[in-house]
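Listed after this line are the structures, all set down as C-alpha cells.
Presented sequentially are two complexes of chain A, the first with chain B as partner and the second with chain C.
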Partner chain A sequence: MKRAGAREDAGLRTPWLALSGFLLPALVMYAAFTAYPVARTFWNAFHKVLPNGNETWVGFANLRAILNNDPTFWKAVGNTLAWALVSPVLEVSLGLLLALALYARIPFARFFRIAWFTPVLISYVVVGILWMWIYNYDWGVANELLRLVGLDAWTRPWLGNPATALPALIFVTTWMWTGFNMVVLLAALSSLPSEVLEAAELDNCGWGRKLWFVIVPLVRPTILNLIVLSFIGKMKIFDLVWITTHGGPLWSTETVSTYVYKRAFDWSTFDLGYPSAIAAIWFVFVLAGVLILTSLLRSRERLEF
Partner chain B sequence: MIRSPVRTLAASVAVSLLALVTSASAVAQTKLTLWSHWADQDSKVAFVTDAVKRFEAKHPGVKVEITWYQKPQLYAALKTALRAHQAPDIFYAENDQTEYIDNGFLYDLSKDLNWSAIEPWAKQAWTFGKGTYGFPLEAWTVELYYNRDLMNKIGVTLPENGELSQAAFLDMVKKAKAAGITPIVQGVGDRPYPGAFLVHEPLLRKLGKADYMKLLKGELSWKDPRVIETLNYVKQIVDAGALPKAYTSIKMGEAHYYFHTNPGGLTFPMGSFYPSRAFNAPDKGGEPPNFPLGLMSFPAMDGGKCNNCKTLAAGGSFVVNAASKNPKLAVALLNEMATPEMGARWVKETLVQTGIKTDMSAIKGEHADYFKRLADASRGIDYFVGLPSQILQGQPKEVFAQVMNTAFPAGLLSVKDATDQMEAAMKAASK
Partner chain C sequence: MNVSAEALYVEPTLRSARRPLAGHIARSLLLILLAGYTAFSAGPFLWLASMSLRTTSEISANHYALPSILHWEKFPAAWFGSSYGTYFLNSLEVVVAAVIVLTLIGAMAAFAFARYRFRMNRVLYFVIFSTIIFPPQITIISLFQVLVDYGLFNSLVGLTLVYIAFQLPLTVYILESFFARVPQDLFDAARMDGYSDGAIFWRVMLPIGLPAIATTVILNFILLWNEFLYAVVLIADDAKRTLPLGIQKFMGDQLEDIGMISTGMMISVIPVVILYVFFSEKLIQGMTAGAVK
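Right, the complex of A and B next:
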C-alpha cells in the first residue's frame, strides 16, 4: 500500500522542469523587452545618464525640476489628460450607439459595419496625413464644406490655432476608434441573454428604459474595459501628434509622449535621465488613472437574472 | 603506384581554399562608413558620391559605404548609434549640435583638414574651444525673394539696392493684400526656423551684430525698447495679413510651390538654398519656366544699427567620429571635397552656397545670372554667422521655435506675450 501511495505521489508531483522549459522563453522575452526597460527607466530617472558609462546619481533633482520648473511638462499633462478623459466618453458612447443601430438591424447594416470599422485599420501615419489635408485652410474638405453652406466665418486653420488644434485631433481619434468600440459592443450585445430582453419587452419597457436599465448594465463590464483601453491609449498617444502638429502651435497639442521624445532626441543633449524621469512620473500617473477609473466604474452589485 | 582519388580530391580542395584565403587577404579592404542627410536631394547625393569615387580611386583598398537619411531620422539614429559605439566614421551634422562635442564624439579637424580652402567665417562656425570639428560644406544666407511681375502689378518700384524703408515695406504688404496677393509666403509646418526670418532679420538690423548676439545669449533683455519697437513693427506686418492663413501647417516644399506657382505670392523669405528646389523642373516642384524671380532686402529699420547686416548660416557639414578606427582616412575623404574646384562644383550643381572659398560670380552655366545677382546682393553685406536656432539651446530654443517661429508670426500672440515667454525662458536657462 505504502509503495502504491508513493507511486501515486510521484505521479502527482509538479513537473517543474517541464514547466520551466515552457515558460522560460516567454519569461526571458518579458524580462528583456518589458521588465528591464521599465526598471532601467526608473533607474535612469534618478541619474544623469550620459554616454560612455557616464552616469551620475542626482537623486530627486530630475523629478523636482520636472514638477516645479517645467511649464511644458504641465502643459503636456493637461493636454494628455484632457484627451484621455474626453475621448473614451465620445468613442464608447458613439460606439454603443452605432452598435445598437447594427443590433437593431438597420438597412445596409453590413455596409455600415465595414464603413464604420475601416478607420480602425488605417495606421496613425496615414490618418495624420489624411486629416492634415482635410483640415487645410485653403482647400481642405472641412473648410470647403463650410464655405459651401455659407459659413465662411467658421473656417479656420484647424490645426494651426491653439484653440482648435487639440479638439481637432480628438475628433480624429474619435473617428478612428469608434468603429473598434462598435464591433466589441456589438459582440457584447449579441451575447446578451434573450430571455432578459424579452422579459423587459413583456413588461412594456420602452426602448430608452430598456437601454438604460437592462442593456447598459449587462454590457457594463465591456464598456468599462473599452473605457480603460481608450484611456490608456490616449495617455500614451504620440504618432498622430508627431505627424500633424509636432506638439504645436504653442504646445497646444503637446502630449507627454511627444515631450519625452523631444527631450530624449530633439534637444541638444545626450542626457537620458530627464526624459526617463518624465516617463517614470507618467507611468505612475497612468497606473493611478487606471486604478481610479476601474474603482469608480466597476459594478458594486451582482447582476442576477 | 595508383593514387587514391579521395586523397587527390582532398588535396585539390585544400589548395583551392588556401588560394582563396590568400587572395582574399591580398585585397582586404578598409571600410569607411558615412551617414548623411539629403536622401531626397539628388544633386547633393551625386556630389558626395562622386567625391567618394575620386577618393576611392586615390586610395585603393579603401571602400566607403554611404547611407542616406532624412534629417530627423538621421539625428535619431546617430543619438543611439553614438551611445552604442556603432556610429559611422563620418556623418552629417550642423554646428548647433554641440552635444556631440560636449560628449567627446567628434574628432578635432584643426590640424588635418585643408582649412586654406575654407572661408574663415565657416571655420569659425565650427570652432569650439581649442578645436574645430566640422567641415562646412553647405552654407546659406537669409534672402528675400520676390516676384518681379507681381511687384510691378501693385505699383511698387524697388530702389537700386532692393531695400525699402520700414514704412514703404509695410505699404507694399498692404498694397499686395488689397490686390488679393499673399504679401509674404511662408510655412512652418515642418521646420523650426523659417517663420522667424521675419522676426530676426529686422532685429539684427535694428540692434546690430553685437547687441543681437547679446539678445540671443540672454545678455540683453527681450524687453529692451529696441526689441519691443522692432517686434511692434513686425506685428503691424502680421496684422496687415501678410502671411497665409495656413502658415502654421504649410510645409517648406509647399511654401516654395505656393510662392512661385499656385496660388503665387509677392515675397518669400527663404534661405539661399531656394534654388535647390526652385530650379528643378516644374514637375519636380520647380518654378514655372521664365518665372520672374527677384532678390530684394529686408526693410531698412528706422535707426537701425546695421541695415546692411544679413544672417549667414553654416548648413550641412561633415564631421569625423572621434572613435573612428581610421580618422586620417576619414579626413582625407573630406579633403577630397574641400577644394576650390569642388566648391565651385557644389554651387553649380546643388545651387546652394558653400563654406569652401568660391567665387560665385564666376559660376557659369544655366543659372549664372542668378548667382551673379546673388553675388551683387551680397556686396557690402556684413554677415552675422548663425541662426537663432543654432545659437539658442535647450528651453530657449524650444520657446523660440514655438513663439517667434510659429505663434507670433501667425498672429496668435501679442508682442507682450511673446517677449514675456522669451524672457522667462532665457531667465530659466541662465539659472
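Right, the complex of A and C next:
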C-alpha cells in the first residue's frame, strides 16, 4: 500500500485541539460500546451475575465447569470448529475455480459476476427461511430434484436429521459465500502481471500444474485473507442456525454462539456470568485460531521462496 | 533427418486443426457449467420473488410455478396488515441514523489516523482495527447489561448506538487506507491558503474521499439492514422490531403462510436489490476491500 506523503508534515506542531476533535467521537463510541463491554464480559466470566444486578465473585468456577463438565459446550465447539474448518476450503476452492473460469474471458462475465455475488447481500434470516423450504421433505427443491432423477431413497428431511443437519447448513453458507470469494479472487487475478501467465503457457505446462504452481502461489496472500475471513465468519455464526434449527436436532447444529445466547437469554438459568465465561473462552479460541492460521499459511509461503 | 523434418511440419497443422473444435467444446461445457452455477446461485432468490406474488394456496398447489396472476395486493396487505410497515420504518430509522453518524465520525477518525502524526497513532488505529475479528458474543451479553444501565435497552436509539460502534472499525479501516493515499501537496496547498484543520477536512478531504465514503455508506447500509444478533438481544417490543426480527416473528406465528412470509421477505430484500442495481460495482469494491492485497 502506498502512503504518499502521509504523516510527513512533522515540522508543524501537532494541532492537539483539532486532532482530539476528529478522534474523540469515534473513541468515545468505541470505549462505551466496544471496549467497556469487552472488559465487562471478562469481569462477568469470574462472577455469578443475577438479573437484578447482583454480582458475586466465583473465581475460576465458571471456567472450570465449562471446560470440565459441560458436554453441550464441547458439542458446540466441535460443530463450530467443523464448520469453520470445512467452509473456508469449500468456499475458497470453488471460488477460485469460478474466478478462473471468468478470468479465461468467457462471454457474459459481468452478468455472471453480479449474479454470483447476490446471495451474500441477502440477510441470514431470509436465506435461512428460504433454505428451510428448499430442504422441506415434501416439496423442497432438494428432495424434488432427487425424486426427479430417481434417487427417492436419498430423500430425507435434511434439517430434521441429526446426521445431515450440520452438513446441510454448511452447504447453505457455501452457497452464500462462494460468489464473494470468487469476486475477490477475480480482482486478485486481474491484477497479476500477464507475462507470468503467458510464460507458463509457453512452457506448455498443463492446466492443473499451471493452477497449482503458478496461479495459486501468486494469489496466495488473497487466498490467505479469504480463508481467515471465512474462518472468523463461521466461528461466530449465529443467525442462520437460530432461524433454521435453533441448534437442533439433538444439538447437532448447536454452535458456540447459539449456546451462549441460550444460556444468557433463553434458558431461565438467571446467570449471565456462565455464558460470559463461554464467550471469553471462545474469544481466546478465535484469536488463537486466527494467529495459528495466519502463521501456518504465512510460513508455507516463506518456505517456497 | 527427413522424418524429423516431416514431424516438425505436420505437428503444427494437426494442432491448429484440433484446437478450435476442442476449444469450442471446452468453452461450451464451461458456459453450461457456469450457467448451471448461476441458476443455483440466483435461483432461490428468483423463487422467492415469484412466491411473493402468489397466494399461499396457489403455492401449495405447485411450489415452482411462475405467478399466473400477479398478486401485487399482497404487498400492501403485508405492509399494513402484518406490521411489516412498522418493521420497515424501524429498520430504516435505525440504519439511516447509524450510517449518517458512522460516516461522519468514522471519516473524522480516519482523517486523523491518515493525515496526522502523533504518538499512539498506530496503537489506537490497531486497537480499533483489531476489533474487526472479535466475535460479537464477546460484547453481546455485556451490551445488554450496559444498555439496561444506560436506560437504552429495548430502544431504537440504543440499537443505533450499538450499530455505530459495531461498524466503526470497518469504516475507519476502509476510509483510512483511502485517505492515506491522497497526495500531501493538496493539504499543504490548502494550509498555505489559510484553511483551518476543520476546513481541510470538510473542503478537501471529504470531496476527494467521496468514492470511498460512498462505498462505506452502501456497505454499512446493507450490513446493518441485515443485522440480526444485536437486534434480537437488544429489542423486546413488537413495535420496535427491525425487519429481520419482524420476519422471524411472522415466520414463528404463521409458519404455514408461505405466500405472506415470502412477501414480507421480499419487502426486506427490495431496498438491497435497488442499491445493488445502482451501485453493484461500489458494493463489490467495498465488500472486497481488504481481502485483496
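Operating definition for what follows: the second predicted complex is superposed on the first by the 282 of 305 C-alpha atoms of A that agree within 3 Å, B and C clash if a C-alpha of one lies under 4 Å from a C-alpha of the other, contacts with A are read in each partner's own complex, and residues count from 1 in each chain.
Everything below uses one rule, namely that a residue touches a chain if its C-beta (ideal position, glycine included) is under 8 Å from a C-beta of that chain, and two chains touch if they have at least 3 such contacts.
Predicted model, so just to flag it, every value in this text is computed and none were measured.
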- If you stack the two complexes on chain A, which partner ends up touching A:Leu130: first (chain B), second (chain C), both, or neither? second
- State whether A:Asn69 touches chain B only (first), chain C only (second), both chains, or neither. first
- Name the contact category of A:Pro162: first (chain B only), second (chain C only), both, or neither. first
- Query: What is the contact status of A:Phe270 with respect to chain B (first) and chain C (second): first, second, both, or neither?
  - Reply: first
- Item | chain C versus chain B, contacts on chain A by residue | C
- Task: Would you check which partner chain A:Gly248 touches, where first means chain B only, second means chain C only, and both and neither mean what they say?
- Result: first
- Task: With the two complexes superposed on chain A, say which partner A:Pro193 touches: chain B (first), chain C (second), both, or neither.
- Result: neither
- Message: Let me test your reading of the model: by the given contact rule, A:Phe283 touches which partner, first (chain B), second (chain C), both or neither?
- Response: second
- Common interface positions of chain A, toward chain B and toward chain C: 264-265
- Item | Contact set on chain B toward chain A in their complex | 75-76, 79, 82-83, 96-99, 102-105, 244-249, 263, 393-395, 397-398, 402-403, 406-407, 410, 412-413, 428
- Can you name the residues of chain A that touch chain C in the complex? 1-10, 14-15, 18-19, 21-23, 25-27, 29-30, 32-34, 36-38, 40-41, 44, 49, 98, 101-102, 104, 106-107, 112-127, 129-131, 133-134, 139, 141, 144, 175, 178-180, 183-184, 187-188, 191, 221-222, 225-226, 229, 232, 235-236, 238-239, 242-243, 256-257, 260-261, 264-265, 272, 275-276, 278-280, 282-283, 286-287, 290
- Task: Mind listing the chain C positions that touch chain A in their complex?
- Result: 27, 30-31, 33-34, 37-38, 40-45, 47-48, 63-64, 104-106, 108-109, 111-112, 114-118, 121, 124, 128, 131, 133-146, 161-162, 164-166, 168, 172, 177, 180-185, 187-188, 196-198, 201, 222, 225-229, 232-233, 244, 247-248, 251, 258, 261, 265, 268-269, 272, 276, 280, 283-284, 287-288, 290-293
- For chain A, which residues count as touching chain B in their complex? 50-52, 54, 69, 72, 132, 135-138, 157, 159-162, 248-251, 262, 264-270
